[in-house]
Each structure stands twice: as C-alpha cells, then as structure tokens.
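Okay, got some structures for you below.
One chain, subunit A, appears in both complexes that follow, with subunit B as partner in the first and subunit C in the second.
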Partner chain A sequence: MSQPEDLQEPSGPAIGQDEWVARHGERRSRRSGWIGDIEERARRAPWWAWLVLFVAAFALLPLVSHDGYVRRVAFETALYMTLALGLNIVVGWGGLLDLGYVAFYAIGAYGYAMLSSPQFGIHLPTVVTVPLMVVVGAIAGFLVGLPSRRLIGDYLAIVTLFFLQITQTVLVNGDQIAGHDLTGGANGIINVDPFHLFGHDIAVQHEGVFAVAYLYIAIAFFAVVYVALHFLNDSRTGRAWRSLREDALAAEAMGMPVNLLKLMAFSFGAATAAFTGTLFAAVQTSVFPLTFSFALVITVYTMVILGGQGSLAGVAVGAIVVNVMLEFLRDPGDARILIYVVGVLALAFAFGRTRKLAVLLAAVVIFGFVAHAVAEAINPDWVAGPAANGFDQALSNWVIIPTELANWVGPVSYIGLVCLALALTLMSPRWRYVVLVPTIYLGTFVWENVLLAQPDATRYIVLGVMLIGLMILRPNGLLGERRVEIV
Partner chain B sequence: MAAAPLLELRGVSLAFGGLKVVSGLDLHVAEGEVVSVIGPNGAGKTTLFNLITGIYEPDEGDILLNERSIVGLEPHQINRLGVARTFQTLRLFLNMSVRENVMAAAYGGTKAGVLRSMLRTPGMRREEQEIRRQAEEHLSFFGERLKGYRWDQPAYSLSYANRRRLEIARAMATGPKILLLDEPAAGMNPVETHEISELIARLRSEAGYTILVIEHDMHVVEGISDRVVALDHGIKIVEGTFEKVATDPRVVEAYLGTKAAVTK
Partner chain C sequence: MDTFTQLTLNGLTEGSTYALIALGYTLVYGVLKLLNFAHGDVFMVGSFIGYGILKVLGGAGDPQVPVWLLLTLMVLGGMVGCAVLGVAIERFAYRPLRDAPRIAPLISALGVSFFLANSFQLMFGAQQYNYGIFFLDGGSLYTEGFNIGNVHIPLIAIITILSAFALMVALWLLVTRTRTGKAMRATSFDREAAAMMGIDIDRVIVFTFIIGSALAGAGGVMFALRVPTAASIGFVIGLKGFTAAVIGGIGSIPGAMAGGLILGFAEAYIAGYWTTRWSDLVIFSVLILFMLFRPSGLLGQAGIKKV
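What follows is the complex of A and B.
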C-alpha cells in the first residue's frame, strides 16, 4: 500500500493523535482503475453542472422519442423527484418520521382542483392558484406540526399516519359535509382545468400524444425546488435542521429554537408536496381520494431512502430509479432482458473483474446446458416451452421452460429459491461459491416460468429484492453520505 | 470582586420525585472568574448545569444572569443571553463536518431568513462568509490539535479528545459570556489533560470568557480555579480556594467515606 502523497503530514500516526482515523476515509474513498478515475472526476464537478446536464438531457428527451408513453413516464418521474425532494426536508434533514406526507400532496391537488374546475364553477388563473396552494400547504404543514412537534420517532409516525387517514376519510366523505358536495366523494373531482399560462390553455394531449409542455413544466418545477433547497441546505436554517436531526437537545442548547425549526421543516416539506400536487391535478385533469394512499407514502419513502436521505442528488436519483424501474417491469419483455443485465452487473460488482467471476459464469452456463439436456432426455415436453425471437430462442436452449407448468412447480421453486438465497448468507465463502451456481440457475428458472407470468406482482417483488440488496450493501443509499448512529 | 456577579443562583432546589438532587444551592460567578465545581458522582454537578441552561426548571429559588432571572426561559433563549455549555457525554452533530458543527452554532447570532437563503442574496452571502470565518477562527483556537484539513471531515471521524475540543469550539461560536464546561478533561491522556488546563486559562485571558467548570482531575482544578465549590448530595459543602476546599475534612469524607476521614 502506498502512502497518500497529498497530505501535509509526513509522519505516521502518533500517540494521542487520531491521524489514522482522520485519514481513513480518504484512503478508502479513492478506488483504483477507471471506476476510480470517473468517480474522482465526477466528484470534482460542481453541483450545478450536474443539474444543468440532467435538465438538458431531460429537455432533449421529446426530440429523441415521440412516444407519448415515454413522455408520460418522464413527466411522472420529474413529478416524483420533486415530491421526494420535499420529503427529504422533513425526513432527510429534519430527521422527523412523517408518514402523512402524501396528505399535503393531496391538499395541493384537491386545492387546485376545487379552484379550477366546474365543481364550484371557479376557474382561478394558474399563476394565482399554484402559489396559493404552496401557501396553503405550508400552513397545513405548520398546523399538523403544532400538536406533534414535541414528538419524535415512532410517536410522530403514528400521529402523522393518522393525519393521512383523516385526510383521506374527509376526501372520501366530503360529498356530504353539511349537505354540500365539497370534494366529490369517492368519485373525486373531474374536468379539472389544465394549466393556463401566458394566455394559453396548455392541453395535456397535443396531437394525440402527451404534451411536451408539461414535461418542461415538471422539470422546471423540479429545478426550481432543487436549487432553492440546495441553497437552503447550505444556510443557517439548513445547518440547524441537520443539527436537530443529529441531536435536538444539543441544538437547543446551542441557541437553535428546535420547536420552531421542526415546524419550519414540516411547513417546507408540505409546501413542496402541495406545489407538486397542483401539477399532478392539472395533468390528470381529475383527482381521486384513493390516489393519496399509504402505498404512495411508502413509494416516496423508498425513493428517499434508496437514493440516500439527506442528499438532494441522491433523492432525485432514487426517484428516477424507482419510477423507471417500476415502469420497466410493467412490460415483461423489457424486464426480461433488464434482469439479466442487472444480475450480471451485480455479480461483477460482488466479485470484481476476477477469474472467480469468469469461472462462476462459465459454471452457470454449463450447469444450465447440463440441466437442460437431462430434462430433455427425461421428457421433451419439459423444455419445449414457447420461444419467440433471438434472445428468447437462445435462452430456451438453456433454461428449462416446460410447455405447461404443473401447479405446484411455481410456488415450490419460488420458495426453494428464497430458501437457497437465505442459506447462501449462512455458508462459508467456498460453499457459497459452489451453491451460487444452482441458485442462479434456479433464479432464472423461476424468473422465466413463474415471475414473468405475473408481471404486476413481479414488479414489486423485484423492487423489494433490490431494496434488500441495496440496504445490505449500501445502507446509506445510492448517493448518501456514510452515516453513523452511535459512536 | 465586581459588584454584581455575572451568574447567580439563589436557593435553587430540584427534586426528581422524592429524590432531592439539588437543595438550597447558592452560587455566584463573577465576570472573568474561573470557578470549578467538584464532588463525587451523583453530587448534582451536571444537574446544576442543566438547571442553569434551562433544560430543567428549578422547583424553588432563582437563577440570575446579569441580575435578570432566567428561570422559565427556553434553553435556546438562555443561550442567546450568553450561556453556552459542553456536554459530559459529548453531544456533537456527528454526521456533519467539523466546520459545520461550529457554523451551526452561529444560528442564534445571525438572521438571514429562509427566503433570502433560498435566493442566496448578497447580504446572506456576506453573513455566510462571516459565519465561516468566525467558525474557522474558533477552530484555530485549538491550534495543532484541530488542524485545517480536518475541518471538512465528519465529526464522527474525530478522536475522543478532539470531540471534546470541538464541543468547546461549538460553544464558543454561540458568542457566550460564560462557558459551562462539563468535565473537559474526561477521557484524556496526561499530556492532553495538561493542555486542557492551559486551554482553559487561554479561554479566559485571550477570549475573555467567564468559566464555570465541572472537573474530576484535581491537577486541572488546582491549576485553573480562582474558586472551588464542592457539592455532595446536591448541597454545597465547602467553597473557597483550592487549598481550603481540598483539605476540608467534609470534602475528603464526601469522596472517601467516613472511615477514611476518621483514620486521617
């Protein structure tokens, strides 16, 4: 191991000093090879360069693809990114476990819908409604914060979760409040106006496909929130929020009004959510109470945690990964190939570019052909499953795909796979290496025969597996800083 | 001695349930003084700090800062009036950088609003630079021990001794008149302990703080104190110069028990 040269201290660790600990991070962080070079260069680029690059790439997307579906997914991704940024204020910076976050999203969406639809015959201009909803969201966040600001952790989670339930109940039953129909009840509010900017109604559909304008509006929303929060993070308020997350008592003793700061964090998160909600309502041209469910809370939390809570870029990346992944998995055809790429990459990540990896892959391939041949010899029907084009054709010579799957095979092979995967974690490295071969093969069998047959369930299973793997390998998220809880 | 003390406690009492933690305590610290509080574990020393900083509210008695009662104020308000402390159990913002730990403590003394921060106005930037400059100044106070390259590293990467130093730097950044140091030399080796004595002397002479310090190391107490206050079971048993307090039989008894006092 060579000594790092860029440090001024020539001497080694001395008694009573902590040089070694202090330099430990630097020693580890620089990876060798081209990955390290890229990492180093990426780290040196300023934050706004990344943002500009990302926004530019996003803005060019409609030129590349005229597909309305792709545009719609891109729009939703930008929407989720903004939503996740807001949650990051409360969770990532303030350290407050807020499970009612989506209620503020609902408030923004319903607020916009009520003020821009035939529901009450009100059609306020967009430039009024959107800022108004941001203010309403902030006030709502403040009010929810008032009774709960003295609570932390699980207790806060319970209170905010109930707030979400109350909001949903009010929305569902809001068609008979004192004899008036306020929220449209379970049927929601329909015929909501799209945004009206610069004297034009911006239609959601343009010549039959999703309007590019909303893509730009969504990315503009995201960029504005991102820049504002980036600056805010690096200000006295941002530092105070993070101090409060680290140690509320110490923050209070160091002159930071903890209660006020908590309310501010709630307010800012809520305002961001409400802001995003208006755009959501305008593009959907309708709002329904069941959209704002606890499942959505979990999705947004997944984005924040997967990306790395506390890191703005991480949260944005988390939102992209989760949303794009869920869309990809919706179509088994796309997902089929994706999973093999991800699988090989994961193995490469685990083993590095070593002979071990090559041997493992070769062993898996050979194992597959042998298993295939054995199965064919026993009963040709076992491997005569449908195979369409090139990749599938090649694959069907390797994976056992029966013409018809017996009812019991699916569950048994799936449970067997889970058991094998869990057993792997308990084995010695040598055994693990050996058992990995049949495990991978069984994995492809289950994937091809069982999971692909039920894409809706598979989406979430794959997402869950990814999350488990990531949380084990990188508990701080994709771009999150390393965190310590107790030292 | 100055006419009115900077900090004064009058008959302060606090009980947790039936247990009297502090009872009828009188204490005063004049401007520019270094006062040490000693006493066996459980004597109520840290509770005393918690009372002064507003974490606990006394059941009886009054606490005055510059002749103004601070009882009932929130801890952050008391901090704004000029009382800053360190914690015996070290409560740093571990996942923030060393510099940010100190910068965060400038919150109360600065005023850039949220909107100005989000827009990064010139005024806000100037204030931000000033916070940064002052933070680095406070960190420089510790010289070689907390060197510049360490400032961007997370606080959790610091050693125990450096964490204690960082706690002091953070307390300094709140702009206090009086510093409450809770066992600043705990967990330090003899060399570092000696440095702490010098540091406390410099905190008074160079930085001009009044200091109230809890310390177990008698060498440190001897070296720094103008006055020593000995507590036991929440009661002030002796007060005076180090020589007077250290040789007082009641103090020896409190530390070593009655038998030792008899055999002496």
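What follows is the complex of A and C.
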C-alpha cells in the first residue's frame, strides 16, 4: 500500500497555480536593516497615501517660500501634471499616437476665454464654464476620434497632427470668419476673467505675488483627475484599454468593442486637456494661438514618456522633472551649475564608485587645464571671456571662454560635439573611455559658449535628445509598466 | 487665361519641390513602414548646406566660379550632406528601434525632427537666410527668360523644374532598372521574404535613406533659390511633402511625383483664385478626407492585410 514519495508531494509546480507568480515575493531582493524596513513599508502603503502625502507637500510649498516665481512654477508644474495625465490615457493606456492632443487644450482655453471675457460680452459663472468645457472637450475628442478610429499608427498620428494644424490655422485666422471676429486672430483674446468661486473673484496676483489660491486650485484639479483615472484604470474599461494597446486584434477577438474603446480613450483624454485649458486661460487672463504649438505637444510627450507611459505616478513624476528642468534652463545662471552636477551624477551612475570614475574625472580636469593653458599661450583673448564671481570665476580658469566667439566656432564645435557623442556609441569600451575625456571637455565648452547663449533652442534640443534616448534606452520610462512582449 | 498659365507655372515649380520631398517619405515608408517625421528637417538642412557653399564661393552677386557650376555644386553639396545626415539618423535613431513596437520609432523620429530644427536655430539663429540674386551674362536669373503669350517664364523656374524632373527620372531608372532597385522593391514588398532570398536588408535600408535624403537635399537648395530659408521651415514643408505622398499613394514612386504636382497646382490655384489665408486649411482638410476614404491614395495599391 505504500505510495512513492513523489506522488504525495509533487516537487514540480502545483497545478492551477503559476509558480512564477507564487514565488514573486521571495525573488524580490530586500535590503537589510532599517532601509529595507522602510522600503518594505513604503511598498505596502496604499496608493492614496502617496497621493495625500504628495498633495500635502505641494500645498505646504507656499509656507516655505513666499517667492511668487516659485509659486508660479509650482502652479505650472501642477498644470502640466494634469495635462500629461490626460495624454497618458490616449498614449499610455490606449496606445494611440495622438499628436493633436494640444488642440483640445486649446479648445478648453479658448472656450473658457470666449465665455468669460469682453470678447462677446459673456461672463458665465466659473462653475458653469468649466464643466461645460469638459463636456465640449469630450465631444470634440469624440468627433476627432470618430473618423480616425479606423486608422492605426502613423496614419492616426498624421491625421491628429493635421487636426492640430487646422485648429491653429482657425485660431490665427479666426478674426475674419464671414466678417466676424471670433478668436481675436493672432492677437488672441485678452482680459479673460479669473476664476469666480464661492462668491469671490480670485485674482491672479495677490499683494503683488502669484496668488496661492491658484496653486491650490491647480493641485485640486490634479488630485481630482488622478483619483478619477486611478479608478478608471482599475475598471473594466481600463483593463480593456490595456488589452487594446497590447494587441488590438486579440482584444477584438475577445469581443471587446475596439472602436468604442478608442473613441472613449480619445474622449477622456480630450476632456482632461480641455479641463486643464480652462485653468490655463483663467490664470494667463489671455489666450494666444501660438501657445498651442507643436513644441507643447513634444513637451507633454516627453513628460509622459520620461515618467513611463501607462503609469499614473510615473507621468506625474515625469511632468515634475521635465518642467523643473525646463525652468532651470530658462535662466542660464541656475542652469550653468546644474549641468555639472547632472554630468558627474550620470558618470557615477555609468561607472559606479570605481577607480575608473576617479581616473576619468581627474583626466578631464587635467585635460581642461592643459587645453586652457595652450589656448592662453596662443592668444590671451581666447580665455578672457566674461566671468561672474564664485563658481563661474573658478570655472573660467578651466573652460575656454573667449571674449568674442567667431561666427564659425559655434556651429563647428556644436556639430563636432554631436558627431563625437554619436561616435562614442560605436566604439569599443576601451576607446570609448579614452575619447570620453575630450568629449566631456568639448561638451563643457559648447555648453558655456553656445548652448547657454540661446536658452530657448537649448531647452527644445534637450527635449528632442531625451525623446530619442528614452525610446532607445528605456522605452518604459522611470516608473512605466514593463510590457510583456509576445514573440 | 494668362492668370491661369501663370498659376500653372507657379504650381509646377512649387509642386516639383514637393514631389522631391514626397519621394523621400514614400521610399522610406515603403522599405521601413516608418513615417520619417525628420524628413522635412533634412530638407531644411539641405537648404542651409547650399547657403554655406554659396557663401564659401563668394555669394550670389559675385561668385568665384561660373553660375552654372555654382548652382551644380550647391545642389550636389546639399545632396551629399543630406545623404550623410540621413544615414546617421537611420543608424542612431531608427536602427536600434527596428524591432520595437511601431510607436517607438515614430516618437524617436519626432525627437530627431525637433533636435534638428532647434540645433539649426541654435547655430544660425531664427532669422531668414536669402541666397540673393544670381546673374547669368549680366541678366538676373529671376527676370531673364522666355515669354509664352503674356506670361513670363524666368530662367530660375525652368532650372528648378528641369532639374527636379531629371532627378525623378534618374530615381525611376534606378528603382526599375538596377539590381539595387530590385532589392529595394523586394524589401518594400515583403521584408522578411526578401531577407530569406539573401538580400542584405540593412544595406537596402541605408541605401534608401541615402537616396531619399539626397532628394530632400536637392529639393532644399532648389526651394531656397526662390524662397528665403530658416531653421523652422522643416515642419510645415515636411507636412506638405507628406500630404503629397499620401495623395499619390504612400509607397508608390509615380504616386509621390503626381501627388507633389497636384499639391503644387492646388496651392497655386487656391492662392490665385481665392485666398492664401485658408489654403493650408483646405489642403489639410482634403488630406484628412483622403486618408479616411482612400488611404491607399490615387496610385497606391490597396494593401492586402495579413493577420
């Protein structure tokens, strides 16, 4: 009657249970000590705890800083976070490349401006206008999605891009539609009313600085959208969207209404964008057609892709990182130092805390002093560039900063830097290590002399490089979901 | 009638440029199934290379070489420079993503487009660059020419149209008469099957980028002969080139040529008989209708969808 041991206790995986999933907890590496404890607790904390913590931190910001500029940036960050959340519905969940997303933002902003300004003499209450614009945005998204729903991939991208172009053409030329001035043309609509809530007009400037109220409104907008999207993500619709993104054909075979789902993704995204647009118009107290450009599309896309398409928290983080970075780049004074910190951190990340890193940094420093000395010996004017005090003063002893940059130096050094950086990716590790030294030095030269001179172009160059680099190196962003690739 | 002839001439000049860009879109789309958003910016780079060569050789007013040689050098320089650029874009931005989901190279292409446009703004500013006026035997290329009825045809228009058509004929011969062309057609028909037949796909793709970008470079120089160039022109020109490619049927070479000309004529007639204000709107709306109701274009073949 004795049975073999292995029949009673099967050593293989249990039937009906996924071994990989069941052992998931064991595999997760856990750090020892109190750091590990904190990590474990943080991981178990519910999602709303993070949201509450984040909103609270954001709301406390005005207490720490009374600077109107900081408040303004914080407000814009919250605005971008909400905008990026909306794009995440379409791109991250629906997998639809909607390049006309900003057009819905424009619809929300212009709609609010038309209904609350002297343009037509209409001043509807805010509590009516904002929900109305959300509905209008959803309908607009539905209408654009209606003909586009059969298109896939690049065709959809192009149709939506043309929709953005058409929207912009209409806004710019809207001052002469059949003899009526609807959009104010290139001059936009000015004197837009600020929000009017609880019986008060909320002025944008309060005692000379940016009003805290709008910071709170923006973060409230964000929280509302975030919570709504969180539940949407867990709903039947959310799951259906994700399956649509992974494999539209399989989703259809499972009986999902693919066309309706695409339309819904468009509609929800557009409604979020329009919602955000109203707040934008109210704070700007004016709207201009050129705001809603392709550059804004790229900016919001970078946020979503950096944070990780499909992840709500990731998208919010991406928006914060990108907007704060762009803000730093706006003012060369702050940005100047930032790049060195980021550069050293990036190198440390690439090499780890090894001797290689130390040697590399030392080599770069020495290379710099030698190059500086050689340049000074040839012509003292080459290194006599303007330097402020402190850090810049120290730096000007190392980086070559000429008093006047000859016309050809900028383009040649910039193109040289791009070529060197690209060539680095093709070299063997040993050569890469050697060539990295002059590349870094050339990089600092270009940064100090060329890039800082034109912050506007620099900001967008950084965005473009981020998009390419992210798609190649880390397509799921900082916090994105890892996709299961079916081979 | 004179107005009509004049507008037709304008449309032909403009349209031959669009056709050159559209060819680049169509070639790359045919082989890679990728919408190369950066193509319009390659065109812009071509116009800047032409400007650089012009300045090195003494400028349009007082060139150090004969005018015909100067123009040839500018076009050739633009073609070579853009071919190199196209290969670099393919190598660094698209090749690593060849097996990624289709949305990834598209986003990368957006990044390349944005990077190129803003790099040129960084290096050369946002201002417009004008080639200036070329002279041949004491007469300006822009005023000397022939008359048909009351319509004056300047030499510059003839040069643009003839060289564009010469390039298109050369491309047509290349694709239909050579082994490389056959490999390109095979790759665009079915990449995997072509690879199994021993065709080096990477080489074909690189070659496609060389041809497409060189055409854009030539188009860029010819465009800038008539219209001042700037770092930001790539976006709208690229959209128009893509429009032309879709109207003709994306993936079809004669389609791209026809589409470019149709777009040129449409723009000229709308601008001449109605208004320039809404011409972009009309064209983009027509394109959206085209994509919805005849996505295969005028000359394209309806693709058989494999599941």
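Some points to look at:
Here is the rule we go by: the second predicted complex is superposed on the first by the 423 of 487 C-alpha atoms of A that agree within 3 Å, B and C clash if a C-alpha of one lies under 4 Å from a C-alpha of the other, contacts with A are read in each partner's own complex, and residues count from 1 in each chain.
We take it that contacts are C-beta pairs under 8 Å (C-beta built on N, C-alpha and C of every residue); 3 or more make two chains touch, one makes a residue touch a chain.
In this text, all values refer to a predicted model and were calculated from it rather than measured experimentally.
In the superposed model, A:I461 makes contact with subunit C only, not with subunit B. By the document's definition of touching, of the two partners only subunit B reaches A:M264; subunit C does not. After overlaying the two complexes on the shared chain, residue contacts for A:I190 are found with neither subunit B nor subunit C. Once chain A of one complex is fitted onto chain A of the other, the partner contacts of A:L249 extend to both subunit B and subunit C. By the touch criterion stated above, A:F162 is placed in contact with subunit C alone, subunit B being left untouched. In the superposed model, A:R236 lies in contact with subunit B only, and not with subunit C.
Looking at the shared chain after the overlay, A:A228 reaches subunit B, while subunit C stays out of its contact range. Within the superposed three-chain model, A:A375 lies out of touch with both subunit B and subunit C [touch as defined at top]. The interface of subunit A with subunit B overlaps its interface with subunit C at residues 249, 483. On the side of subunit A, the complex with subunit C involves touching residues 91, 95, 97, 99, 147, 150-151, 153-155, 157-159, 161-163, 165-166, 169-170, 173, 176, 249, 294-295, 298, 301, 305, 410-411, 414-415, 418, 422, 425, 450-451, 454, 456-458, 460-461, 463-468, 471-472, 475, 483. Subunit A meets subunit B in the complex at residues 7-8, 15-18, 21-22, 24-25, 228-229, 231-232, 234-240, 242-243, 246-247, 249-258, 264, 268, 310, 481-484, 487. Across the complex, subunit B meets subunit A through its residues 53, 55, 74-76, 79-80, 84-85, 87, 91-96, 100, 103-110, 112, 114, 117-120, 124, 128, 131, 149-150, 153-154, 156-159, 161-162, 170-171, 173-174, 189, 191-192.
Interface residues of subunit C, counted against subunit A in their complex, comprise 34-35, 88, 92-93, 96-97, 100-108, 110-119, 121-124, 235, 239, 242, 246, 277-278, 280-281, 284-285, 287-288, 291-292, 295, 307.
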